[in-house]
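In the two complexes that follow, chain A is the common piece, with chain B as its partner first and chain C second.
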Partner chain A sequence: MREGEKLKKQGVTFKRVIFWVITILVMIGILGPLLWIYLTAFKSSADIFAGSLNRQLIFTPTLENFKRLFVQFPFFKTLGNTLIMSLGSTVLVMIVALPAAYSFARWNTGGGHILFNTIASRMFPGVVASIPFFIVFRHIDLLDKHIGIILLYMYFNVSFATFLLYGFFRDVPVELEQAAMIDGYGRFNIFRKVVLPLVLPGIATTSVFCIIWSWNEFLFAFLFSRKVATTVTVLISSFWGSIDVQYGTMAAGAAISILPTLIAAWFMQRYIVRGLTFGAVKG
Partner chain B sequence: MSRIDVNNVWKIYGGNVVGVRDLTFTCDDKEFLAILGPSGGGKSSTLRMLAGLEEISKGEVKFDDVVVNDKGPSERNIALAFESYALYYRMSVYENIAFPLRAKGLKGKEIDKMVRDIAEVLNLTTILQKKPGELAGGHQQRVSLARALIRRPNLTLLDEPLSHMDQRLRAGIRAQIRRIHEEFGNTTIYVTHDQAEAISLCDRILVLSNAEKQQIGTVDEIYNRPVNKFVANFIGQPGMNFLQGKVHSQKSASVDTDEGVKIIEIAGTVDPKYIGSEVTIGVRPQQITIVEDKEKGFNLMGSVKIVEFQGDTSILAVELNDIQKTEIKVVIPAGGFKFKRGDFCYMDVDPEFIHLFDSAEKAIIERNA
Partner chain C sequence: MARKENGDIALLDSHLIRKPSIWEVLSNEKYFKWMLALPLIIVLLVFMIYPLIFCLYKSFFQVSLSGNALFIGLDNYRTMLRDTGFWIPLGRTFQVTVICIVAELLIGLGLGMLWNRDFKGQNIIRGLILMPLLVAPLILSIVWNFLLEYNIGFVNQVLSAIGLARVKWWDPQGALYTICAITIWQWFPFSASVLLAGLKSLPKDVFEAAKVDGAKGWFVFRKLTLPMLSPLIIIITLLRTMWLIRLFDPLYGTTRGAVNTELLDWMVYRTSFVYFDIGYGSTLAIMSLFLTMIIGAIMFRQLIKTLNATN
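What follows is the complex of A and B.
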């Protein structure tokens, strides 16, 4: 009996050790780069390139990287561009994806084929679409324009958003809508008063996904902008020059521009867990 | 508040699946009609067509002699309580009940009075501020009923409203539903697969099976004059017993037994064309009397296989002495004979309670009312 208990205890301890080892490894994988970014952002160039580990970790913090970033580079302008493009494209995405997803979920519009094709547009590498888009954009003068990049982001996010929202709409029991129909509400009011409140967590989750994707997007912003519509990701990449790599400025830019996505991810985790598991009818 | 006429209505899904076949019936003003049948029989399709949630493929539905085929659910002024309650669970009970009134554009004070009135009737006053999710099934269904009834509908449709409740609650809510029906003077159509509910609640029962109307009538008619074998077996617990026999004369049937041909008298007459043809003889388990004396003009005999004690009654499974060795069920009062496995028993059936069905399973005895 005692022997058994001992073994059991050992088993529990062993499990706990494995759990923590894996957790720590994962945390290092996730937090390591973040730590590097934030440490580097506050280092002077001399400290960045210092050989000893001691100086890598213990140094005098400086704001010179931020100063250079703000003064010498159009950081806030590009950050503003990123903000405009993320929010603008997300609003447009929602305007298209909400009714589309509702229609797919409620009436099986297109018998599943249209929905599949919508999702299929995400199945090839995005870069494949870049050349045709580039040619079209050049002809209709959308290169290096905010609206051009917003449209591109919308193109990439609509399918994904439609598919996510489709799942949320599917969870809304059709009886609720029928009850409202019998109660005397029209289609639009049913959507607004009955369906929308129920899919609000879904809309929040989807929007945050879209914003994060657009915020982090680099390839298309890089290809389709030159001066006016450059985003912060493009600016940060430009610090990797042909002569030297400005690690400090790069880290400072990254340190600021990843903050919103970090906050969004933190905010979202509650919603994702809850939003995906809500059940409506059963009491 | 309305008389409902359903005339030759069909529901065809996807071009070839028949949900409802050529259905005709009438539900009178202030009547409480049950639509009873097994799952997949067409009950829900019928209900949804009445509600306007499902398109009518063929035929017409009239409310007070006005064809409503093309009217939407909100234009028909009906109420529908869903099996799943379909409450708006983000809103309070109060808001759920007030929801239909808001659609009508009523003002706060009127709404408040009406909500409180109906809450009073349904005993919901104390839970008006709660969310549906916090309530038990019985309460939720009452909220759903309150929401359905607050508009004083022409027709109240109840779709298996009690199916998610436990047995004890059901009886209570059943009585409440009937009371509301009486108090409000509603026309109510109640869909259920539970015959006990249909029998205890309704003025008349429409039996639907296989997408078709089997029979419509009062409980007495359905129970004692089933028009076909399906209804005979579906209604009653346990269902009707069947055994093979022949039409002997216009007033009797015969069964081949181990002891020769046994003649069974019937009340009413059978068309002479049936004489000599094979029929199914039907007898309800509850309408068989066990007799001690073999000479007392018994109809059937057999040996007891299983005794199922039910409290106030016992159900015997009896193997008859006909050549098919048919097993039938007999319900006897618990206090009477004590039977055990293997006992032999004689059974008597009033000619009134003998039913005959032809090969097409239709009842063939003509009786005078």
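What follows is the complex of A and C.
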């Protein structure tokens, strides 16, 4: 009897060890590459290109990469551009998606067909849309302009936002609105005073997602900008296209530009699954 | 239904007193709901229907670099059907989609099962695994390109330090799989999180009953856990399909379509924006769109169904 218990206990400890070994390995696998960006950002070129593991791991931190990034490249300008485009497009997305999502959730406007088409437009390949827009933008002089890329980002995010908001609006009980209507509220006031406060977390979540998708977007930014409206992803991508690959500068740029998305990932934990599944999984 | 009557009564009242103002007419449910949806409908028409018609139209032309268009009927489509430059990337895209989804689901399911218990630091772990998900895929691909560099890349240095041979991650035989691996690395936290959330929400009494009946682990997994998770597995598969057939950024950050890694969207991009062959590019774009629309139609019907089922 005693022996059996002892064996069982050993088995439990063994299982626990296995559990933590796997867990820690997975965490290293996930966080390692992200950490590597930050390590590389503080390394001198000599250490990066040394080709020895010791010098990769044990090195004297230096700010030379950041200095080069700030002085030789328009890093802050592109960061500012990215910020303007992300925020601008998100405001536009909300203006369009918020009323529409409410309409779909509340009255099933269009019997689900418009909602279906909205979400199907998310399938629309960016490259396909790029060809006609490139030609039109060239005619109306929107190439390499902030507003041009803002419009594209709005198009790129509007279906996602509508669908996600639709899910949040559906969570608002109809009875609440009916009660407000009996109390003599007009339709606009019902929306503003009853529904809006309840979906505020949903609006915040959707906005943050739209900002992040725009922040990360590459294809449109790459095709529709030249010098003026370049975004930070385009700048970072240019570091490795050139003849000498500037890993240090690239890492410094990446370290700064991914910081907001990492922070968002941490603070939005509860909503990430819901957002990424278009609201289908509440997580 | 009751609310609708209310709306009618309100309208009736205003009729009795005076002629309704334009705002009152528009607040009538019948118009109000369309008014709310109107901006979106306009955006969809401009940003979806227009490019579609444009590409469809241009696909019947041979457009020269100077912009002169020559009507050639279905010639672009005939060329495409015989063009290995179309079929090979299409097959590759299919291959990448299948590999990534299967791997992500297996890893996600494994980790979900592993972490589906109470342990110290579980919230921190669940938060930390989400970290790569929101990072720009382009930046991650450049970082991986650096990590997997043959000489100075960290991975190869570790491999040679522990006495293994360095791997040529970007040679024509393996580059496509390397790109798959990068994508899987970024996205397995997604399926792990979704499946873990699903596992946590499964009713416990069913499993206890199965245990009482003496059911073994594998049997319980196959007959209980898996069927109950299947809606989530379907959602993951559909969403990931949608993202994977659009895979573009990781290519730009790594191989740029070289060494046998050209995928569907890269091919459209190269034809239209590198060779600037708008006519043929449009044809390829239409085909790419057509294929993705079919998959999209299947997937979003399912998604809306799930949404309706959960509410």
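The definition used in the following text is that the second predicted complex is superposed on the first by the 242 of 283 C-alpha atoms of A that agree within 3 Å, B and C clash if a C-alpha of one lies under 4 Å from a C-alpha of the other, contacts with A are read in each partner's own complex, and residues count from 1 in each chain.
Here is the rule we use: a residue touches a chain if its C-beta (ideal position, glycine included) is under 8 Å from a C-beta of that chain, and two chains touch if they have at least 3 such contacts.
Owing to the predicted nature of the structure, the values given are computational and were not obtained by experimental measurement.
Visitor: In the overlaid three-chain picture, which partner chain does A:Ile147 touch, first (chain B) or second (chain C), both, or neither?
Guide: After superposition on chain A, A:Ile147 lies in contact with neither partner.
Visitor: Just checking: does A:Ile84 make contact with chain B only, chain C only, both, or neither of them? Give me first, second, both or neither.
Guide: neither
Visitor: With the two structures laid over each other on chain A, which partner does A:Tyr185 touch: chain B (first), chain C (second), both, or neither?
Guide: Only chain B is touched by A:Tyr185; chain C is not.
Visitor: Given the touch rule stated above, what does A:Tyr102 touch, chain B (first), chain C (second), both, or neither?
Guide: In the superposed model, A:Tyr102 contacts chain C only, not chain B.
Visitor: Comparing chain C with chain B, which touches more residues belonging to chain A?
Guide: It is C that touches the greater number of chain A residues.
Visitor: Give one of first, second, both or neither to describe whether A:Leu53 is in contact with chain B, with chain C, with both, or with none.
Guide: So A:Leu53 only meets chain C here.
Visitor: Going by the contact rule set out at the top, does A:Leu176 touch chain B (first), chain C (second), both, or neither?
Guide: After superposition on chain A, A:Leu176 lies in contact with chain B alone.
Visitor: For chain A, which residues belong to both interfaces, chain B and chain C?
Guide: 178, 181-182, 186, 280-283
Visitor: Show me the residue ranges of chain B that touch chain A in the complex, using the header's touch definition.
Guide: 51-53, 72-74, 78-80, 82, 84-90, 99-100, 103-104, 132-133, 135-137, 140, 147, 151
Visitor: Applying the document's contact rule, which stretches of chain A touch chain B when the two form their complex?
Guide: Of all residues in chain A, those touching chain B are 173, 175-176, 178-186, 189, 194, 197-198, 280-283.
Visitor: State the interface residues of chain A toward chain C in the complex, per the touch definition above.
Guide: Those residues of chain A that touch chain C are 19, 22-23, 26-27, 29-31, 33-34, 36-37, 40, 48-53, 56, 95-97, 99-100, 102-104, 106-107, 109-110, 112, 114-135, 154-155, 158, 162, 167, 170-171, 174, 177-178, 181-182, 186-188, 212, 215-216, 218-219, 222-223, 233, 236-237, 239-240, 247, 250-251, 254, 257-258, 261-262, 264-266, 269, 272-273, 276-283.
Visitor: Which residues of chain C touch chain A in the complex?
Guide: Those in contact with chain A are residues 2-3, 6-7, 27, 29, 32-37, 39-41, 43-44, 47-48, 50-51, 54-55, 58, 111, 114-115, 119, 125-140, 142-147, 151-152, 154, 157-158, 161, 185, 189-190, 193-194, 197-198, 232, 235, 239, 242, 246, 248-249, 252-253, 264-265, 268-269, 272-273, 278, 281-282, 285-286, 288-289, 292-293, 295-297, 300-301, 303-304, 306-307, 310-311.
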